[in-house]
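Okay, got some structures for you below.
Across the two complexes that follow, chain A remains constant while its partner is chain B and subsequently chain C.
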Partner chain A sequence: MTFIQKVWAIVWKDITSELRTKEMLLSMCLFSFLVLIVFNFAFDTGLKNLRENISGILWVAFIFSGLMGLGRSFGVERDKGTLYGLLLCPISPWGIYLGKMIGTFIFMTIMEIFTLSIFTVLYNINVIPFLLPLGLIIFLGTLGFATIGTVFSAMSATTKARDVMLSILVFPISAPMIIALVKATGIILWGGAIQETYSWLKILIAFDLVFLLLAYLTFGFIIEE
Partner chain B sequence: MAQMQEEDNYIIKASGLVKKFGFKTVLRKIDLSLKKGDFLALFGPNGAGKTTLIQILCSLMRPTSGNVWIAGFDAEYDREALHKVIGVVSHNTFLYNNLSAYENLKFYGIMYRVMNLRERIEEVMGLVGLRGYMNDHVQTFSRGMQQRLSVARAIIHDPLIFFLDEPFTGLDQHGVEDFKQILKKFRDQGKTIVMTSHDLDRGLELCTQAAILKSGNLVYKEDVSKITQDDFKEIYFKLTGEQTLPV
Partner chain C sequence: MTHNRAFLKIFQFVTFFMMLLALYAIFVYAPVEKSMGIVQKIFYLHVPSAFLAFFAFFITFIASILYLYRRDHRWDVIAFCSAEIGVIFCTIVLITGPIWAKPIWNVWWTWDPRLTTTLILWFIYVVYLMLRSVAGENQRSNFSAVFGILGFVNVPITFLTIRLWRTIHPLVITGKGINISTPMIHTLIIAFVAFCLLFFWLLINRIGLEKMRFKVEEIRGFIEDKIHLEHEKQGG
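Presenting the complex of A and B:
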């Protein structure tokens, strides 16, 4: 119970802090909005081949915007010198990781709800009939992205070219997950049954579990010094 | 769990501490033992390794070799337990600017599992003279007020041991006097304190033991009751090769 309270305290601290400035959420939402706008003008959304691949546009918006939030997860703590304060608290590195990861997950989810709303309007796609399966895919993708991203955010926080380093580290590793997300989302958006996405969902679940386990095993070493 | 031997009566014990950053050796075989209630002031010129030593003692950094035990806890293996018994104040306040003073202390209070948190926050805010600023955001605080709040943060869980790394940085004269009173109170309560300082007069006024660190070597350590301030200053200048008081 105490562990959960401490993890929640980190989440609460990050959310309260962000809601006061809204720097990260606004940047993420604005960026995703711009991505959707640019693609909307660049392509004729009525084209059949585009409609079949429109899930890619959605995930480009999600992931590139999410990356902006990831960079700040540990970067802000490092820049403002609060990381040492956090490390001096009697909580395991895993607890710090979970708190940070859940915070990132929540910020990404808020951005994704906003992006999905814009997406439905701009691309004239009614997502209400398949909101549950789509929600499940987005949940798994966001969890995976936050899981990997939090590890690399801590790793790159000490480097000077933090944002560049984060992209270099995160994208190659998350490529299989991104492919699975785009494929599964495409199937759902065009009326496919959830059963058709099972093979992709298995990849996503395996990906999330493997990287959660890796984070559990390695985060103590990563966050040290 | 590696625990300090019972026959050792030391609350802080470091043996053979070496710290290297690449090819640069910052600490060279430091041995340090302090008993409960000791107040050690650690002096030394810039780059002597004072901050590195403090960071290793509070387990923020691993030594290249050597061991540290704090209150019986091994700094390498029992970090979580060790962190419950120490409070750290440095020139960096570890405070969140977008949160209020109360929210900052609430966050750290939860992390340290402080009971009756509201009352404890009011108590420590009173102690550092900030009771009237509970709901003000830290970003509106002056540097001195932030440092005071940092002290409140460090004592929220009533630690046994304090590590103070240049704690007077940014404090105005009034703040320095208040902070000295707080330190005297802790010293009289039998808390163990390790403080680095550039200010020989302030450090010597408060401490029970004084030590000098030079180029990563602990070159001098003595009980202050056995030496006058002037003699210590003479030794300091002789050992460090400095001609003036460090700034």
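Presenting the complex of A and C:
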């Protein structure tokens, strides 16, 4: 088996077990749906067009329900006792990391497509004309979030107070990413050209690359016991 | 051991003396600033603390890398102790800042790059300490070393991002340049030296305390083993 095949085997394992239960995807989608509704009540967005807030609401929905998925990424392995099986696989820690990260990325993307369609209806914003630039921003954001999130998911899975710990580990580190995502999405949603978002996209790309590199260097230390 | 203790005593005395000198310099020697008044004096506490907070986190970063590289337990202790003291200094910065800002800028807080970065820095290292307290015994060092590295690398990215974020909106409040007279520079230098000494004194003592804790644990384990053996003997 080549390295890519091994990584894909881990991804496929996560997808298969998710397709059997559908627990995580359903709860992630429902949760982000609820976040959109709650923010609609909180800000009364139907009446006033709150330019700045709307992209923020979208990302809060993505990130909160993404956190749910992340918590389960390694949490489920821990609960079912399959974590040691995973660690015993003839694959480097980086391979395990990539497999888990790609799995989280795929689940988050499905949730985001669902959320975006609900968002279009509830907030009366047509996203179809901006699909390409918006897709690029969401891709970079989801990649960054899955990158740091998988590291912290592996960390928090073995600690006490697992879910709380995951959120407080993720948020301070992802602060620059969240700012860049909300700003770039705001520019695109309000008809700005993709060129205007270049400085934000640069930050997102830098963030993704730096943390992927750090994950590559450090992930082995996290899962060794 | 006695040699070490004598050194610590002298160090402690020098630190104490320098702190007194700094207090004298701040409240008596340095003139009151004309436009800001007495509140400007908080500057002499604020600036050295800010520097030392960053310095402490930098030590944590370096010690974390060295720990992962060398697997020497001592680096882990240094990283942890430095982070703990860094959080204290960072808290001082975040408290003294708004006290100064309220009369001068007329707001407690502004989302300026430096302020926001410091706040996020504070959060990262509070989380670092929390992670240490919830992580299991055998993973604590690795987890916190990785987090210490990730957190520190994140700081420049955060700073650049927030600068970009804030330059797109007009800055309502900008920091005025402070004209500093020579006695003020002297005072700042004295306060700086005093705070650096205080930092190293705290760090050395904190590391000593951590070492002592290890020793106590070792002895306790040893005694428990003995008791077990005795029980087994009596039982058998």
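One rule holds for everything that comes next: the second predicted complex is superposed on the first by the 219 of 225 C-alpha atoms of A that agree within 3 Å, B and C clash if a C-alpha of one lies under 4 Å from a C-alpha of the other, contacts with A are read in each partner's own complex, and residues count from 1 in each chain.
In the analysis below, contacts are C-beta pairs under 8 Å (C-beta built on N, C-alpha and C of every residue); 3 or more make two chains touch, one makes a residue touch a chain.
From a predicted model like this one, the values you see are computed outputs, not experimental measurements.
Once the two complexes are overlaid on the shared chain, A:Arg20 sits against chain B while remaining clear of chain C. Contacts of A:Thr159 after superposition on the shared chain: chain C is touched, whereas chain B is not. Shared-chain residue A:Ala206: touches chain C; no touch with chain B. When the two structures are aligned on the shared chain, A:Ile137 is found in touch with neither chain B nor chain C.
When both complexes are overlaid on chain A, the residue A:Ala184 reaches neither chain B nor chain C. Within the superposed three-chain model, A:Pro176 lies in touch with chain C and out of touch with chain B [touch as defined at top]. When the shared chain is aligned, chain B comes close enough to touch A:Ala9, but chain C does not.
Here chain B and chain C are compared by how many residues of chain A each touches, and C touches more. Within the superposed three-chain model, A:Ile91 lies in touch with chain B and out of touch with chain C [touch as defined at top].
Looking at the shared chain after the overlay, A:Glu224 reaches both chain B and chain C.
When the two complexes are laid over each other on chain A, chain A has residues 224-225 in contact with both chain B and chain C.
For chain A in complex with chain B, the touching residues are 2, 5-6, 9, 12-13, 16-17, 20-21, 80-82, 84-92, 224-225.
Residues 68, 120, 123-124, 127, 130-131, 134-136, 138-139, 142-143, 145-147, 149-151, 153-154, 157-158, 160-162, 164-165, 168 of chain C are the ones touching chain A in the complex. Interface residues of chain A facing chain C in the complex, by the touch rule stated above, are 148, 151, 155, 158-161, 165, 168-169, 171-173, 175-176, 179-180, 183, 199-200, 203, 206-207, 210-211, 214, 218, 221-222, 224-225. Chain B contributes residues 58, 60-62, 80-81, 83-84, 86, 88, 90, 92-99, 103, 107-108, 110-113, 137, 153 to its touches with chain A in the complex.
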